[in-house]
Amino acid sequence: MSTATTRKLVTIITESALEHNLVDDFGRLGARGYTITNARGKGHRGVRDADWSTSSNIRVEVICGEQVAETIVAYLQKHYYKDYAMIIFMTDVEVMRSKKF
Amino acid sequence: MSTATTRKLVTIITESALEHNLVDDFGRLGARGYTITNARGKGHRGVRDADWSTSSNIRVEVICGEQVAETIVAYLQKHYYKDYAMIIFMTDVEVMRSKKF
Amino acid sequence: MSTATTRKLVTIITESALEHNLVDDFGRLGARGYTITNARGKGHRGVRDADWSTSSNIRVEVICGEQVAETIVAYLQKHYYKDYAMIIFMTDVEVMRSKKF
Amino acid sequence: MTSLDPIVLFFIFGLTAGILRSELRLPPAIYEGLTVLLLISIGLKGGIELAKQPFAELVGPIFTVMLMGFLLPLVAYPVLLYVGRFKRPDAASIAAHYGSVSVGTFAVAVAYLSSQDINYESYMSLMVVILEVPAILVGIILARGISRETRWGRLSHEILLGKGVVLLVGGMLIGWVAGPEGVEPIAPLFFDLFKAILALFLLEMGLIAASQVSSLRRYGLFLVGFGILFPLFSAVVGGWLGLMLGMSTGGTMMLATLAASGSYIAVPAAMRLTVPEANPTLSISVSLGVTFPFNIVVGIPLYLQFANWLHSL
Amino acid sequence: MTSLDPIVLFFIFGLTAGILRSELRLPPAIYEGLTVLLLISIGLKGGIELAKQPFAELVGPIFTVMLMGFLLPLVAYPVLLYVGRFKRPDAASIAAHYGSVSVGTFAVAVAYLSSQDINYESYMSLMVVILEVPAILVGIILARGISRETRWGRLSHEILLGKGVVLLVGGMLIGWVAGPEGVEPIAPLFFDLFKAILALFLLEMGLIAASQVSSLRRYGLFLVGFGILFPLFSAVVGGWLGLMLGMSTGGTMMLATLAASGSYIAVPAAMRLTVPEANPTLSISVSLGVTFPFNIVVGIPLYLQFANWLHSL
Amino acid sequence: MTSLDPIVLFFIFGLTAGILRSELRLPPAIYEGLTVLLLISIGLKGGIELAKQPFAELVGPIFTVMLMGFLLPLVAYPVLLYVGRFKRPDAASIAAHYGSVSVGTFAVAVAYLSSQDINYESYMSLMVVILEVPAILVGIILARGISRETRWGRLSHEILLGKGVVLLVGGMLIGWVAGPEGVEPIAPLFFDLFKAILALFLLEMGLIAASQVSSLRRYGLFLVGFGILFPLFSAVVGGWLGLMLGMSTGGTMMLATLAASGSYIAVPAAMRLTVPEANPTLSISVSLGVTFPFNIVVGIPLYLQFANWLHSL
């Protein structure tokens, strides 16, 4: 595990409708990759139970350097926080092959 | 990122049958939201492969303050650990807009 | 929460085709359990959008002791990193009932 | 009477089960599969008929219907803004829903007319496609003016290549090229099962509509009234346009139905991305929770009577 | 012979593929969709017939069948507790499964009788619904006494508005209101495809049943014996009750089949939440891994012979 | 003309929608469900016919076809390695795809011959099964020699008990045991809907094929040429073998089609696990993005003309 390095894991939970937009944004903002799973949940904008197309969530993970993480968080806060159901949280993770991120 | 604060991320992996109960519990115990994805897995109660309705898992995430996190964990341990397939783990996360959690 | 202990959470994101292999590997390498969800994403090997059977991802979580975590990471790096789309990241988590992991 | 039609009974069944808070839901994949089948079936039927039609006869109706799609939201908007006291983006978004159409409502009207052996102009499925576009444009402009920020290219791609339009147009082209005999080998699925597939689809629609009722309660009576009265007004406009265009009774009824129905798939998706400050719950709950049930259970037979009356003048 | 019926062959095919550890599985959404279709079909058929029936004739059968649902688990429980040496919650939970019914088994019996042109009392689908309830109540009380902790309100909501009951009752009401002619436009899906849909459903059931075999091995021979002998006993009770109620041969066979079948959907779900200390693997593996295959392949033709014999006495 | 066949039109529709980057996709569960139905249908049809066939007559064809499955990849490999300049594992993997078969192509050929009322040897679905195996073996050996590392036990389990083989064999056995009359009750789904199900399947295949086009662009012209010319060569081999085996025109055409088609399900999955150093995008994009469309739109009618010509010699 000598090759382990620390990176930021940014997790975003938001409306499925934003998937295309986010993917575009990540590319522009410098993320090298992302992972998405389907989710449901509840928050300030009420229950989002995936029962109807406009009410399903996605759970997005991006691993990146601190710089890019800050850029992404700032961008998402500015562009989506007001109008969309969205939460963001961050944590440090150890990654292998750090050059990938 | 001046607005980042630390909160607890509680992750619960358990039987799908408990989804309604957990959602009720969270409300009572003070969580402001939760996120759920479908999952499969293996643990002490054997393989749960989602092949048959009684054998599917859910992966539940709750972000909350330390206080609420402790309450939730204690409650789940008391009420479900003995009879249900369930694991719980916790970690610290940085959140934006801390008032939401 | 007096019973909380620290363990490693190893998260692997890779091709669905490897699911059987990984599950076998985990058993041999000393993990007591695992959790899997379906995912899609993008990385060095391009977009994997789950649209076609060979292009779907899984997101695998294993909670275990540091020793086992290192063994698993080393094994996966050796056997799969070269030929498969795969990332691994690790973080510390607090678990309840530590004997389970 | 339509309310005894088993298709409508399936809708009422779903609505009731939903209101009683049953756990019943169709798996999303099945619901999507049913939608695909309905859209292709409608397209195929339209395409087969269209082949028999001289193209020149389409120009007038296309133009008129497009105009209707632009005008209806322009009427709805001030009502929502000044009478309903909605915020500008909300009023614009709701208005856009009512300028567009609901394919589910159209499918029930198709089944209703076929069970009564009433013919209608063959280009009607084409009108469904045409009505997808103008309302969305009007909605966006009402909400923000002709803003630079709107990515028009991407938007038109999303509207014109959205699932609904593509399946309808694709079905029409296949029906048109293959003709009635060519389509025969696939008729057992797309035509013989049409009504049963529609019944299952309406069962799920009933469950979904029921889930909108609780949001409705929150937003008060105005929305409920609007969701019934505005479609009635639109139906009069649509029916009258049908008569002006010299359509048959069936066609007049169809155009009234198209006018009266409100979108709940294409428009919500487009509005969410282009007018995000509009509350999506408002527009979907009135379109899906009020207008759709009203049209299925009461509206469709009513619009036929209206068309009959118009043609008896 | 029934074992040549292609429907049963599909089950055996699934069972074999599962035992050989093939990767074959139907997508869960498809399996759920098939279940929905089967439940609606059975409900519709029952409802159409029920419309012809004077309501008063139903009272006796309903009462008797309900009683049967209470009594069968009370017989099973001591056997499981004292002979099988299961823990109290496990014995109670398994007993509850056998007081209830399996809709899959019922569907195969419907198909079997229809392929032999044998009629049965039209209220049989109603009996399926009625048998869902009592066994669950008995199971809970056996496990914990009449405990304060059980949320009876929520429980009854979950049983009475569970998917199975809602679809059966909804289908029956639609069939009843629409009548044989009203249902005709949707017959191509719900009636003409019934046997093929059942065949696909049984293919998946075979795969699922096979996956229970390994758990069975762990819990030993007693469960296997119980899973065959108790249904045979129940069939005798059910058949005898059918005879007492003056049912036709077909109806007698049907009631024997209902008695002999064990739940594998509604009861497991209810037990998991109300008697969580019971091991769910035990009850599902015997109900799904032993009794279901036994009834499909051997039981159903046997119960018909038994009903014939009863009526020849 | 085949290109007017609505089944082919559905494929072209999907291909076009995909190339235009429409959002249209069938839900994966629906696509899988369609595949299951097609495989069972083909199996059933084959099984019913097979029951009429003396078993001894099968030995020659089985042996010959198996040999063909071994030889075709051995021809493709050097072409890919020396002319195409692919790396060894890539050449081996692509070669393996072309020794195997595509069930989708076979289904279209079945529909095509049936719409032209042309018969073919009943054991053809058996040949589909048989061709699954040899190409994979050859591919692995070409890539790595007879390596110790290959887990042959697990591999043969995965090939022989993979979804495709199991469903085809299961369907054949059921058709064989039940016979034409036994299968009648399930015919409305498996036979009457066959072409419509195939049409939907091809719609999705068109969308998938379109998504391969962009990868193709990256890998250049050689792959496109190979994806058209090698199938033509294989079709000649297959047709000639059919003639040698004394097959009918229909059978000759079928064997040509099987030879010309390339796997896109079983072989990619097997190669990913056994030859992971091969780039899976290469083989899938040529098999799915070039050969499949070519065979559906151009190849199948061509192979029939070729078979006619062979038999007129």
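Read from first to last, the chains carry the letters A, B, C, D, E and F; within each, the first residue is number 1.
Rule of thumb we're sticking to: a residue touches a chain if its C-beta (ideal position, glycine included) is under 8 Å from a C-beta of that chain, and two chains touch if they have at least 3 such contacts.
Since this is a predicted model, take the numbers as computed values, not measurements.
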item: Partner chains shared by chain A and chain F (touch criterion as defined above); value: C, D
item: Distance-maximising chain from chain D - centres being C-alpha averages; value: C
item: Where chain A and chain B are represented by their mean Cα positions, the distance between them in whole Å; value: 19
item: Whole-Å separation of chain centres (CA-atom averages), chain A against chain E; value: 46
item: Centre distance in Å when chain D and chain E are each reduced to the mean of their C-alpha atoms; value: 41
item: Multi-partner residues of chain F (at least 2 other chains); value: 27-30, 188
item: Residues within chain B bordering two or more other chains; value: 37, 91
item: In contact (per the touch rule at the top): chain pairs; value: A-B, A-C, A-D, B-C, B-E, C-F, D-E, D-F, E-F
item: Residues of chain B defined as touching chain A within the complex; value: 1, 4, 7, 9, 23, 32-37, 63, 91-97, 100
item: In the complex with chain B, residue positions of chain A that touch it; value: 11, 13, 37-44, 57, 59, 70, 73-74, 77, 81, 87-91
item: In the complex, chain F residues that touch chain C; value: 25, 28, 208, 211, 265, 268-269, 272-273, 276-277, 280-281, 284
item: Complex interface listing, chain D residues touching chain E; value: 4-7, 9-10, 13, 16-17, 20-24, 26-30, 111, 115, 188, 192-193, 195-197, 199-200, 203
item: Chain C residues touching chain F - in the complex, by the definition given at the top; value: 15, 17, 21, 46, 50-54, 80, 82-84
